[in-house]
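Scrolling down, you'll hit the structures one after another.
After this come two complexes, each holding chain A, first together with chain B and then together with chain C.
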Partner chain A sequence: MSAATLIAREEWRLLLRNRAGLIATGLLVLLILVASFTSLERRSAIAADRDRYQTSVDRDFDAQPDRHPHRMVHYGQFVFRPIAPLAFFDAGVDGFTGNTILLEGHRQNSANFAEARQSSLLMRFGQLTPAFVLQTLAPLLLIFLGFASVARETERATLRLMLAQGIGGRSLLAGKLLGHGAIALAVGAPAFAVLIGFVITGSAAWPTIMLMIAGYAGWLLLWAFLSVVVSAFAGRPRDALAILIGLWLVMVVLLPRALPVMAAAQTPLATNIETEIALHRDLLEVGDSHDPDDPYFNDFREDVLARYGVETIEELPVQYAGLVSIEGERLTTQIYADAARRQAAREARQNGLVYRFALASPLIAIRQLSMALAGSDIAAHRDFLDQAEAFRYDFVQRLNRMQAVLIPGIEGDDPRIAAANWRTIPRFSYTRPNPYDRIGALVWPAGILLGWLIAILATAMIAARRIERSAR
Partner chain B sequence: MNPLGAETRLFLRSGRNIAALLLLLVLSATAVWAGIAEVANQRAAIERVAQEQARDLAAVEDANAGPQGDAGYVAYYAFMLTQDPPPPLAFAAIGQRDLQPYLLRVRALGLEAQLYDSEAYNPELALPGVFDWAFVLIYLLPLVVIALGHDLVTGERETGRLRLLLSLPGDGLWRRRAVLRYAAVLAALVIPLLVGGAIMAAPAGGIAVLILTAVLYCAFWFGLTLLAGAAMRTSATAATAMVGCWIMLTLVLPTLGNAAIARAVPVAKGIDLTLAQREVVHRGWDIPKEQTFERFFVSHPEWRGREEFEGRFHWKWYYAMHQVGDEAVAEDAAEYRASLERREDLTRALGFVLPSVGSMNVVHRIADTDIEGQLAYRDSIAAFHARLRAFYYPYLFADRPFTRADFAMIPRYSVRTAQGSLGVWPLAILALAALLMIGLGARRVSRLGGEGSARTG
Partner chain C sequence: MIAHETPPAIRIADLHHSYGAKPILKGLTLTVRHGEIYALLGGNGAGKSTTLNALLGFIAPASGTVRVCGTDPVAQPRQARAQMAYVPENVSLYDHLSARENIGYFLALAKADRGADAIDEALREVGLPADAWDKRLSGYSKGMRQKVAIALALARDVPVLLLDEPTSGLDPRAVLEFNRLLDTARARKVAVLMVTHDLVSAVDIADRIGFLADGRIEEEREALATGARFDLNALHDRYARAGVSA
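Our next item is the complex of A and B:
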């Protein structure tokens, strides 16, 4: 057996004798399991709720009586964002985004009833998910288990003894890294087992889960290795502990919280009210369909008359107001889409600033990787909004076409079309985004985690050389 | 030489002590600065929107004003702005103001379809939580206390001075050391708050409550640190134990508490009432208009007898229909509100057990930036909406023309006064926890003296 594995085994033996360490490890594992099961339950409750609501509003839509189609345009359709299966593991921004929108004609309503807006400030302490435990708490445990690994030997002068016995600095550090790396993976194992169990029940795909496990394994190894390396440089265990807790504080707590302040100051978002007012103005600039002398809508009328080969609106086989509605919807939707794109770009610029600091705070890297794989990141939310908007435009235009085509054939001053028509309007069917479509969102965080690991291991080499020099 | 002066010099000789204090000072100052910046952002947004809104309203006026103007159109097109400017203490405790709307436009249509709308915010920026003075107080202050206090006793033991110190005549050595560290930490935390308070012209009473909370919360952590420091053999175990306490009190237990509260108190009534309101309002188009008026007159008897009109549509019926929609879901709305309050109550109860949560509650309650503050804003919007409706009804039901002069009469939202309140009980419980910890810590430390003199004597 090589010197390195002997040293690693010694670390494990010490850990088994360290009662506080074992209790802390046991607590963390317990917390991961508790988080997994409560979060699984919560996720399925949310999924069932949203599914139930979606079914019920779809039924309500079908049950509407004979009406003028424009009434249905404003009755609209509620859509509920189905929660991603892996959101139990990492809830991501799901609790911070509204998950239901009323889709109606020529209005863009906000997604409402975000959990964070309905919770006390307690929610800002963190959400109990396996991701929270692994990202925030597990590094602290690994610090506690590893801070003394080398510094202990330095302080007690057992290091000199070992070096004198012919164990090289390299094998010493390799052994410590091996020992604590294995401990880190053991700490993550229960969470990984939960993830694998999730694949076996058919709720997730193998590649996603394996990437998730690889990401978290890298994150945990990062902290185990960092503890050993800092321990090798610090003279006393206390100093190593202080430095490591300081690093944890800056990388895990401080930067992730402080960076958003910078991002928000650098790129302010436009309020919905400003967007709405600007939109109204833009729309009036294009044309006012109520104004009989409006040049845009005069051209539109001439076009329509020419297309149907008639002289006056009354001769049209379709309802002219319905055609104007179709055209109006097309115009508003374009303007809304522009505004939404601009807002998304601002958000992306804000988030981009935060991501750039992932080099200093790899927590940001693992957080983004985990959210992207879990399908609970902001891109997945945006994708839902886009799908909802595309769906909105489609069904509103179908109703507008019903108005144009069916209303002229109906007598009376209160024309309504048959309720059976509502059942021909499609229902929202959500396509889950594929995380591999946005491969970049997976590559950069993985690259940063890998870069950190390499940098730490390179520093370990320097530490090993330093230890060897100290022996001479 | 004055013993306190000597202790001070000794304390400042340690690079670690100075570094920890400076770090706290810098963090506290940065947090206060960030809070002020956020308040400035929100004020600027309110300013911007108010200007846009004024122009928008003027455009509505131009489009609809005339000698025979119809109030129905005006009420439909004229959105009125409501706003909730940052309260004076928000710079120290932003609370939920990063994601709760502080701007909302309403019109005389059904309130329940407007009240829960969101403003734009970036969920990914909101995810890690806000960076403000309250965060430094609740999370970071304890760590600095631990850094400065954990080896008060063990450090002396490790350098072999403990027996000597314990055998020295006179008492008050540990008290002096602890009080000195306590005062230094508190100063580093509070000085930036005082400066920020002066810049923001915050009320002295409110700042005093924030400081009192800091005094008590800091005392709690000092007591706990003394206790652990005196009970443990080595500095490393003392530090480990204390950081363990910190993890439990600020990370694990609040998170478990939140999960438990979210589970115990569902808030689905918000969605229920939104869906129900839509059904009622849209059914209004399909039922005889008399039915809608009948329900409307139950709460608005003063307009009975004015419901007749010619043709298929009249705005008075339209607005009555919207009002009936609101009234139909009043019970659901009350239940929804009650569920939010219940979550807040449970959080308060948790604060009686966890000083971290207790301090969080006190500072955000006095700052008026918690759920309660948001609910108060919603109430003020509802009251304004009622005024707005009441303003339009005479035009609609008495067929009064809406002229340009009437535009100036449309009620304007007046900003609610911040209702930050002093949580007496939470503070009292926090004081109790602080006293208890200080007492336990002091007793444990004084027993050390007994051991020492027994050994040396």
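Our next item is the complex of A and C:
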């Protein structure tokens, strides 16, 4: 057996005989399991609620009586974002962005302008999910188990005795890294088992789960290795502990919270009220279809009359108001889409700043990787909003076309079309995005985690050379 | 009697070493032959620990020669350490392990695993009660720990034994037992370099005593073959002149 393996085995034996270490490890493992099962339960309940509500609102929509189509435009449709299967593991932004939106005419859903999408939400302490436990609490446990790994040997002079047996600093550090690396993977094992169990039930794809496990394995190894290397540089265990707790506070608590605040200050997002006012101003600039002197809609009327080869609105084979609604919807949608694009660009600038600092706080990287794979990141939410908006536009324009085409044939002051028409309108069907379509969102966080691991191991090589000197 | 023509197990010649600007060793020269017990006495800061560090290859001296069984501990630390067993002043073993486990672990690290019987034999040799062998060291006295460390050194079965203040903190009876162990090592032709403040113990067991002062051996005395091995009073005077109380 190599010296490194012997030393690693000794670290495991020490852990097994250390009651405090065992209890702390057991508690964390228990927490991971509790988080997994409560999260699964919560996810199932939310998914069932959403299915039930969607079925209910769809039934209500279909049950609407004979009506003027424009009233149905304002009746609208509620859509519920189906929760991603892996959101049980990492709820991501799901809990903050909301998942229920009302699709109606003349306006995009307000979720597209929600302040809750500020970059800060990416970094909030979230619910008790396995991801939260692994990202935030597991590093603390690994620090607790590893801070004394080498410093203890230096302080108690067992290091001299070990080196006197003929082993080198490199073997010693390799053994400590191996020992604590294996402990880190063992700490993550229950979460990995839950993920594998999930994929076995067919609820997720193997490559996604394997990437998720690899990402979290890298994250846990990062903290285990960091603890060993800091322990090798620090002369005393208490110094190593102070340094590591400081690093945890900066990397896991401070930076992920301070950076979004910085990003928000650098690229502020408009508030909902500011957005509403700006949109209203833009809409007024386009024109008012009810104003007989409005130049835009006067030109539009002339174009319509010319297209149909008639002199007056009354001679049109279709309802002019319906055509105005179609044009109005096109214009307002364009204005809302432009505003949403600008908002998205500002959010992207905010997030870009935060992501750049993932070099200093790899928590940002593991969160991004985890959320992207779980389908609970901001991009997945935006994809939902985009699909919902495309559906809304189609839904509203179908009703507007019904108004233009069907209303002229109906007599009376309160023309209505048959309720059967509502059932011809398609229902929203959400196609979940493939995480691999946005490969960049997976590559950069994985690259940062890998870079951290390589940097820590390179530093370990320097520490190994110093170890023999510290034995004096 | 020691055969003087035998090549020395430890040879240090004209060794110089400084920590920063402070010179510690200033031309240290000493040899320890196989089967010889050499007591290196000196005051605080005389360079005793630096001498051990040089032999263990923990420091690279500025100049001079260090050889352990012909091997340079700086150039070939692993080969040199394979020839030595080292017992530190404050015996540093693992509290969560038993005596057997401690010895087994360190022997495995040294790639000198000779099986459970060899460990038991070493523990028996140092006189550690058998009912303590499987108890964790956290409940051991200093003397018992010292015995485990010596047992480890004996179980290594190497030609050179380095002892750093081996009798520090031991009661007189334990010192006596310890010296008998060194007798056993001498009989096995092990070269023992013992760095100590304990003049009485050195007189009792050493074949030669060297006084280290100001980074070099100022005087060496050899044990007489018959009668009193050393003149304790003379040695005490000499030791006191070096600024160290016996």
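Everything that follows uses one rule, which is that the second predicted complex is superposed on the first by the 450 of 472 C-alpha atoms of A that agree within 3 Å, B and C clash if a C-alpha of one lies under 4 Å from a C-alpha of the other, contacts with A are read in each partner's own complex, and residues count from 1 in each chain.
In this section, contacts are C-beta pairs under 8 Å (C-beta built on N, C-alpha and C of every residue); 3 or more make two chains touch, one makes a residue touch a chain.
This is a predicted model, so every value here is computed, not measured.
Visitor: Could you tell me if A:E468 is touching chain B, chain C, both of them or neither one (first, second, both, neither)?
Guide: Once the two structures are laid over each other on A, A:E468 reaches chain C alone.
Visitor: Look at A:T201 in the shared chain and tell me whether it touches chain B only, chain C only, both, or neither; answer first, second, both or neither.
Guide: Touch partners of A:T201: none, neither chain B nor chain C.
Visitor: Using the superposition on chain A described above, determine whether A:F96 touches chain B (first), chain C (second), both, or neither.
Guide: first
Visitor: Between chain B (first) and chain C (second), which does A:P260 come into contact with in this model arrangement: first, second, both, or neither?
Guide: In the superposition, A:P260 contacts chain B only.
Visitor: Between chain B (first) and chain C (second), which does A:T424 come into contact with in this model arrangement: first, second, both, or neither?
Guide: Touch status of A:T424: no partner.
Visitor: In the overlay, work out which of chain B or chain C sits against more residues of chain A.
Guide: Between chain B and chain C, B touches the greater number of residues in chain A.
Visitor: Figure out whether A:G166 sits in contact with chain B (first) or chain C (second), or with both, or with neither.
Guide: second
Visitor: Report, in rising order, the residues of chain A that make contact with chain B in one complex and with chain C in the other.
Guide: Touching chain B and chain C on chain A: no residues.
Visitor: Touching residues of chain A toward chain C in the complex: what are they?
Guide: So the residues of chain A touching chain C come out as 1, 3, 6-7, 10, 13-14, 17-18, 156-158, 160-168, 468-469, 471-472.
Visitor: Which of the residues in chain A come into contact with chain B in the complex?
Guide: 20, 24, 31, 34, 38, 42, 49, 53, 56-57, 60, 64-65, 67, 71, 74-76, 78, 92-93, 96-98, 100, 102, 109-128, 132, 136-137, 140, 144, 148, 237-238, 241-242, 245, 249, 253-254, 256-258, 260-261, 263-265, 268-278, 280-281, 343, 347, 350-351, 354, 377-378, 381, 413-414
Visitor: Show which residues of chain B lie in contact with chain A when the two form their complex.
Guide: Touching chain A from chain B are residues 16, 27, 30, 34, 37-38, 41, 44-45, 48-49, 52-53, 55-56, 59, 81, 95-96, 99-100, 103, 105, 113, 116-131, 135, 139-140, 143, 147, 151, 235-237, 239-241, 243-244, 247, 250-252, 254-259, 261-263, 267-268, 270-271, 274-275, 278-279, 282, 285-286, 312, 340, 343-344, 346-347, 350, 357, 360-361, 364, 370-371, 374.
Visitor: Going by the contact rule set out above, which residues of chain C touch chain A in the complex?
Guide: By the definition above, chain C touches chain A via 53, 56-59, 77-78, 81-82, 84-86, 88, 90, 92-94, 96-97, 105-106, 108-112.
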